[in-house]
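To start, the structure itself, in structure tokens.
For clarity, chains are labelled A, B, C and D in written order, and residue numbers in each chain start from 1.
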Amino acid sequence: MIRIAVLGVGRIGRMHAENIAAHPRATLAGVYDVIDAAAADVSARLSVPAFGSVEEVLASPEVDAILIATSTPTHADLIEKAVAAGKPMLCEKPIDLSLARVDACARRIAGTAVPIMLGFVRRFDPSHRAVRDAVRAGRIGDLHQVVITSRDPGLAPEGYLKVSGGIFRDMTIHDFDMARFVLGEEVVAVQATGSRLVDPAMMERLGDYDTVSITLTTASGKQAVITNSRQSVYGYDQRVEALGTLGMAQSENIRAHHMVLSTQAQTGEGAPLQNFFIDRYREAFAAEIGAFVDAVETGTAPEVGFEDGRQALVLAEAALRSAQVGRTVQVSEAARQSEPA
Amino acid sequence: MIRIAVLGVGRIGRMHAENIAAHPRATLAGVYDVIDAAAADVSARLSVPAFGSVEEVLASPEVDAILIATSTPTHADLIEKAVAAGKPMLCEKPIDLSLARVDACARRIAGTAVPIMLGFVRRFDPSHRAVRDAVRAGRIGDLHQVVITSRDPGLAPEGYLKVSGGIFRDMTIHDFDMARFVLGEEVVAVQATGSRLVDPAMMERLGDYDTVSITLTTASGKQAVITNSRQSVYGYDQRVEALGTLGMAQSENIRAHHMVLSTQAQTGEGAPLQNFFIDRYREAFAAEIGAFVDAVETGTAPEVGFEDGRQALVLAEAALRSAQVGRTVQVSEAARQSEPA
Amino acid sequence: MIRIAVLGVGRIGRMHAENIAAHPRATLAGVYDVIDAAAADVSARLSVPAFGSVEEVLASPEVDAILIATSTPTHADLIEKAVAAGKPMLCEKPIDLSLARVDACARRIAGTAVPIMLGFVRRFDPSHRAVRDAVRAGRIGDLHQVVITSRDPGLAPEGYLKVSGGIFRDMTIHDFDMARFVLGEEVVAVQATGSRLVDPAMMERLGDYDTVSITLTTASGKQAVITNSRQSVYGYDQRVEALGTLGMAQSENIRAHHMVLSTQAQTGEGAPLQNFFIDRYREAFAAEIGAFVDAVETGTAPEVGFEDGRQALVLAEAALRSAQVGRTVQVSEAARQSEPA
Amino acid sequence: MIRIAVLGVGRIGRMHAENIAAHPRATLAGVYDVIDAAAADVSARLSVPAFGSVEEVLASPEVDAILIATSTPTHADLIEKAVAAGKPMLCEKPIDLSLARVDACARRIAGTAVPIMLGFVRRFDPSHRAVRDAVRAGRIGDLHQVVITSRDPGLAPEGYLKVSGGIFRDMTIHDFDMARFVLGEEVVAVQATGSRLVDPAMMERLGDYDTVSITLTTASGKQAVITNSRQSVYGYDQRVEALGTLGMAQSENIRAHHMVLSTQAQTGEGAPLQNFFIDRYREAFAAEIGAFVDAVETGTAPEVGFEDGRQALVLAEAALRSAQVGRTVQVSEAARQSEPA
């Protein structure tokens, strides 16, 4: 049994804590939160210890591994500390909003053998993964185009968006990772277009976009097209499509149930899409914990790690610049951005 | 927290034990099985006590309620004992294969206030329930026809079938309950046709059918049509359809994931159907435990009870007689069958 | 070019006339209708002669074949006359509402080599036919069950229903033929249940049913289940399903177009079903003409002939009796009904 | 009856000729082809005159309108001649591969009242049009994103591609028009990425791409994303999607029939997609003729005209430049390209 402590028990941390508790080869070693009451509440509900500090968690011989679900600005620090303490970790994305900070973190943990897994949960969705597997197994032949549709049910509050790092770093980052997951080779060029359509006034204030389209190209010419919107009122729209020389694989949306209603007014109306990311990716979140437990048990590198987190951020930087300056941005150029003088 | 003990920890009992353990308002109070090793194994895996006898379970002040997942011939006895002990119970279907035994049981427990829930799990499937809810909410107007397709992935072993009570009592019984669930009124007449097509030689030996079609009619003329097969090689086929004056509601099959593959040879191939009943009705089994916990907590009658179990068996008897004699059988006639002289 | 004259240019006759005119290997030789104005109108619109009498049509050397789309009571007479005149014919179903009249007709035309095709148009629907073809090609292995859903968008006027011969002879007759088409072997037993739900008062007056369920069984035990309703407000519901040892083939409903609308209120609403039989079976009606032209050109027996029309009526008789007396009716028994004493 | 002559009776011209002949308010006035034998063949098959020259067609009082289905380099000349002759015309796309030639043509026919319709047939597809209509009717609220998937079943021969003007002018041009049709406002900026993946060697020789992704943006920030491939082995993939503030409308692929096959190996395999453009857009081609007949009868401007043909070419030029130089190209800039110095 792998004993995992959860740092940060907001909405996502709580869900992870429950998934850890339910996993047959893991136990919840305890929780920590900067807000004592939050930790106490989860501690009581799940009958596990509440730790008093990060240091206490990292020092505890009762903790085999940690899950980092704290606020974004703390991630890089916690990764460095967990590496120092030799505790394998599953860290929620992103590593940091600043590529320079990510690169500094990379230098500090260079060469570590401590397993670091990044929380790109969509890789563990059975349908998206089946697309990737179909590609890897050659069922669609040589891959040519990937098309990712990713739209949030509704705009987050301005307070959240203000510190989110912008749509590319906050939302598209999942799709950049999905594109890399399906493409199986690195992206070299990025074209992006950003618009302010859902809430133009708020986007103006934030200097952000709410509707974006991005084309990624690999060295061999494979293309990945991503369309994002901060608002899809019909539900959380999450689709992945891959075209190859032998066919196409598509991961379709998930519905709350499979009842279909046909009346004079509406013929063949499906059930609503799963609307909330925790519902939509319920199986994926559970499978993610399973993959982390596997990595910790075997001491092997998790299938999605620090460098994946860094690459997704590099693509976000490149996309942002492309949208701002109106030209194709080379990834090498975006990656250079953070290099020390 | 409702403390529930599980009697019988074969395949289904184990699954129930895990669902109880995972339920936020229930705990697994322990397990019992006539085979000590089976109880010991589950006891060890789930860290709960193994009881030495049914009597011990029923006498324990640490047990608030029981789940009966033992072999069919023990169900009626256990129901009577649990009623005597005042322990609410969730009993797997059927109550018994003999309507006379069911009626004897009914007389012995007559007037009890102890909650008895019957394990007609399909009522808790989100899609089937959405059909029933659409009917009750008037979304399809006045109900006219119900069509239930229910086909098992493959024939069970002869040893199992020999003691199953035959296809109507073993397999169609779920569909009889589903028909009553959706119809919302009692069936008065039954027409059935049985064939031996999947394994004619085995069916001949057993005096049973493997392919049946049944039409049920209520007093107001509503019809429910059930088609069953012991073998659908494309997966576990479970569909429910309701036609009314304002429309139609359909509960469709569930797939393992939502990836669709299109190639030159096969265009738009969906993922396989969920094939195993524990996978197919995973959400339903969990929801069933939830409904039982609700009933025990509130002391109210479970939404599916002893009389539902009895009525489904009455319909099975009627269908068997109809298939054998080639005429419509009145339910009143089938029900009389078990009355004492 | 096969020159075909159309007898009867009501709604269906007109459509046939247009399909003949559009067929590359057929021409419309002219039209006849008992109502002169109707014939004159179609004659003018399609620039073809209007014949003055049936006799004139049958005597004309400019007419190679005829299409009979007159009222039902005239069909058997016209078949006999066309046989006498040596003109191949495509006759709309049914041959007659009376099995005795059909049998008399059969005796009179016994041994004729003149091609007689019956207008069971649904056999020519590409999707239904693909089900039949999948069955014949062994793609689903040995056939076990056929399930036919057939529901009319709305109740026809009482005047029409009064002379229709009742739901089994008028509506289910298409499904009896479809069942025979897919089953590929003769039905030996019929069970039927009839209800009055759509318009109980009118059905009471007519002594008819508006909602019926029928189970057909072949000598080898294959089952075909038909559900009919005179009213499906969500559109013309026409589905055929076949289950076999290797799989299932399903013919699904046709929609007016393939646009799907998803909003907050309704997720994934498809376009309306094709609602009117002439729209729904447009391709089938055109293919039917093609099959008739082929038969006339080659002088071979049409793939659906007089005996198919007779068998469907025998099944209708059997179903009616079964619904009335509440027992399984043997087809041999129904067929005997019309035999001369 | 509008009497229409067809110029050019290759594959597309013949189909148009048949559609004209079948239209209730049009007749085929005759055909012309630079290859006498081709004209003679169609003339004989459809029993219409074969004209000896374009001049003869344009001078004929028996010809009310013309359909131009000759080779691309002749289109602009024929448009100018038909305008001079006062004959309304339906001209296959493109007007010309050179924007300068198109602009010269525009100047020569400036101010004409002769109806000129451009053959952007996809506008008449019932499903695509239903998307556009849903957008115009406000059913999805304010439009934000359009996503067009357009993939050809297989690569055309090199000889054809050599004179096609390249993928943007030959293939994407239909999607540029579809984007404008759905967007309902003009595109101001174009980003494109081109790859050589289907046949890199041939594409290298041609200086062309076979796999492209394009993002179009309007002045208000609406986005249209187009993905094209010269090869989709699973069939002709033609989908249009529109996202707005109130929902999403999607036009899905069309299948040859609606039979679905489920076996142990493949669950829920749909029928093949319509593979050939003449099959896929059969209804659209017929509706296009209808729209042209309407325009000629009423003397009103066709719903898709010369300027639509010109705008689509401007977008093709912009996309080509964007793909070549790796930056966003402003449409004003592309349009200027053809202006006289």
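Here is the rule we use: contacts are C-beta pairs under 8 Å (C-beta built on N, C-alpha and C of every residue); 3 or more make two chains touch, one makes a residue touch a chain.
From a predicted model like this one, the values you see are computed outputs, not experimental measurements.
A.B. asks: Taking each chain's centre as the mean of its Cα atoms, which chain lies farthest from subunit C?
C.D. replies: Chain A.
A.B. asks: Could you let me know which interface, A-B or A-C, is made of more C-beta pairs in contact?
C.D. replies: A-B
A.B. asks: Quick one: subunit A and subunit B, Cα centre-to-centre, how many Å?
C.D. replies: 41
A.B. asks: Hey, how far is the Cα centre of subunit A from the one of subunit C, in Å?
C.D. replies: The answer is 58 Å.
A.B. asks: Specify, in ascending order, the residues of subunit C that touch 2 or more different other chains.
C.D. replies: Within subunit C, residues 233-234, 246-248, 262-264, 271 contact more than one other chain.
A.B. asks: How about subunit A: which of its residues touch subunit C in the complex?
C.D. replies: Where subunit A meets subunit C, its residues are 233-235, 255, 262-264, 266-273.
A.B. asks: Give every residue of subunit D touching subunit C within the complex, in rising order.
C.D. replies: 22, 126-127, 129-131, 134, 139-140, 246-254, 256-264, 271
A.B. asks: In their shared complex, at which residues does subunit D touch subunit A?
C.D. replies: 142, 144-145, 147, 149, 151, 189, 191, 193, 195-198, 211, 213, 215, 217, 220-223, 225, 227, 229, 231-234, 237, 243, 245-248, 326-328
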